[in-house]
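There are two complexes below, and they share chain A, which is joined by chain B in the first and by chain C in the second.
Then we have the complex of A and B:
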């Protein structure tokens, strides 16, 4: 569980060091993409804990979800349909579900550890 | 081992997420700080209240002007009427911003100290309007910016590299002279996530000063309604 956290910290530091600046008009698309990315990672952690992790599904899911979420938000803005609500709802719900399952697995592991 | 391989990939994706998070926070800061939806809703309500109040006051001014012309007609015949008329005219002038006023209140100074060519007021000229809005909501009785009295037809808008107030060009530092209840005004502008916080997150230097005696000069223009006619 520590390696992903380490990666996150490295990423944050890289973000501060690298001179990447997102145009302010793209913030709403970025936020949806970020949510999709977080959902993918939670899904990945869950699959890892369930020993069902497949790197192809994980990587393709990450990039696919992120790009589609950002694209849908953009398309929604152009068409006047707030499609990003759909992305936020879907990914948000899944995020909580995945977290609930991760929590259950982790608690089970802890219980088994202390039984023996 | 299959298990650790998965974690390495997750860690790599986490690096990307970290970069995304930082980019997002950076651009939100560039947008002018976080404005919560509650705050936006609250400001919308305040704005609507202001609009209604403005309409009401404008109606008041129109009725008072009618009164003036009525009293002027009566003036020749009755001295008591003249006296009352003069009092009413003075009160109406005070409210409409046509007299110099004096009283307790606060002085807000907005400035930008760095000389790097960036002008936060040009980038976010609306902030001045928001501040006037907040002050009015907090019961300010008279406001002037750099000596320009804010009346109900005053505009605050970016025009080229200056901010026009009452049709006159202004640039920073901006000094707001505000007459009203000192503590109410201070707490209204100093509210957490309030207007001065937003200004400071936009690199504006803010100084608030209390004073027992503030002078707000009168509006130096004239108001002529070309199209609007009072309904009789």
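Then we have the complex of A and C:
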């Protein structure tokens, strides 16, 4: 768990330091992509706790979800339909679900630890 | 998280997530007051606003160039030519005086005489159709201005740029001047243009003729208008 955390911290620092400047119109796609990425991360954590973690699934899911979410937002903008709501809704719901499962697993582990 | 390559990939992925996260934090707090998602509609609105501002900027720049040219024209080899400046300012003053109706002016123009209809009213007729109203005068004045009249006077009273024409029962008020029928409107300007406009089929004069109001248009070699 230490390596991802370290990566996150370095990434945040890099993001603040690096002068990344994307066109303003891409901000909406970026936010949806971030949501997809966070969803993948929580999914990965959950899978790891359930001992089902597969790096290939995780990596493909991470990039695939991010790209599809950004593409959906873009398509919605072109069509005049706010399709990014679909991405926000799906990923938001899944985020909470994954977190609920992570919580349950963690609590179970704690209980087992203090039983003995 | 079993092998080394997985660790490296996880590491890079989390760096990516961190960059995304901080990018959004930086950009949503700096540039937009709300965290609302920017849609093409919002973007389009801003684009239109920008275009309008660009046009305005261009106009203002043209204005600057004009004024700079004017300023340059006052200069000669030895600094500012005060004589030319004085002449220019004097000419400008005269022009503004003429616009404000503060100068005696003369020139070729058109004289319009109007008086109420002589028709005998039939039952059911509306008397309003047969008399001259303040808005009739106003329409004719607008038509004259539109056709390029430079100075306009009603019953000898010169109109300025902000004159108003009001109804006052049987007479009309022009600013504080009281004018009664018959109305004589004199306009100095391009006679051909004024006559052509007044006699065109869509002109207000034609409508007044239809209402049997007495109206005559005379071209004049020289009209003298005294200042108010």
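Just so we're on the same page, the second predicted complex is superposed on the first by the 113 of 116 C-alpha atoms of A that agree within 3 Å, B and C clash if a C-alpha of one lies under 4 Å from a C-alpha of the other, contacts with A are read in each partner's own complex, and residues count from 1 in each chain.
Here is the rule we go by: a residue touches a chain if its C-beta (ideal position, glycine included) is under 8 Å from a C-beta of that chain, and two chains touch if they have at least 3 such contacts.
Since this is a predicted model, take the numbers as computed values, not measurements.
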Checklist line | Simultaneous placement of chain C and chain B on chain A, clash or fit | finding: clash
Check: Thinking of the overlay built on chain A, is A:84 touched by chain B (first), by chain C (second), by both, or by neither?
Finding: second
Note to self: With both complexes superposed on chain A, which partner does A:74 reach: first (chain B), second (chain C), both or neither?
What the structure shows: neither
Notebook entry, point to check: Does chain B (first) or chain C (second) touch A:28, or do both, or does neither?
Noted result: second
Margin query: Looking at A:45 after the superposition, I want to know if it touches chain B, chain C, both of them or none. Which is it: first, second, both, neither?
Written below: first
Next item on the list: Identify the partner contact of A:59: answer first if only chain B is touched, second if only chain C is, both if each is, neither if none is.
Entry: both
Notebook entry, point to check: Overlap of the chain B and chain C footprints on chain A, residue-wise?
Noted result: 3-16, 18, 20, 22, 24, 27, 30-31, 33-34, 37-38, 41, 48, 53, 55, 58-59, 62
Checklist line | Residue numbers on chain A that touch chain B, as the complex places them | finding: 3-16, 18, 20-24, 26-27, 30-31, 33-34, 37-38, 40-41, 44-45, 47-48, 51, 53, 55, 58-59, 62
Check: In the complex formed with chain A, which residues of chain C make contact?
Finding: 1-3, 5-7, 9-28, 31, 37-40, 43
Item checked: Sites on chain A touched by chain C in the complex -> 3-16, 18, 20, 22, 24-25, 27-28, 30-31, 33-34, 37-38, 41, 48, 53, 55, 58-59, 62, 77, 82, 84
Check: In the complex of these two chains, what residues of chain B are touching chain A?
Finding: 2-3, 5-24, 26-28, 30-31
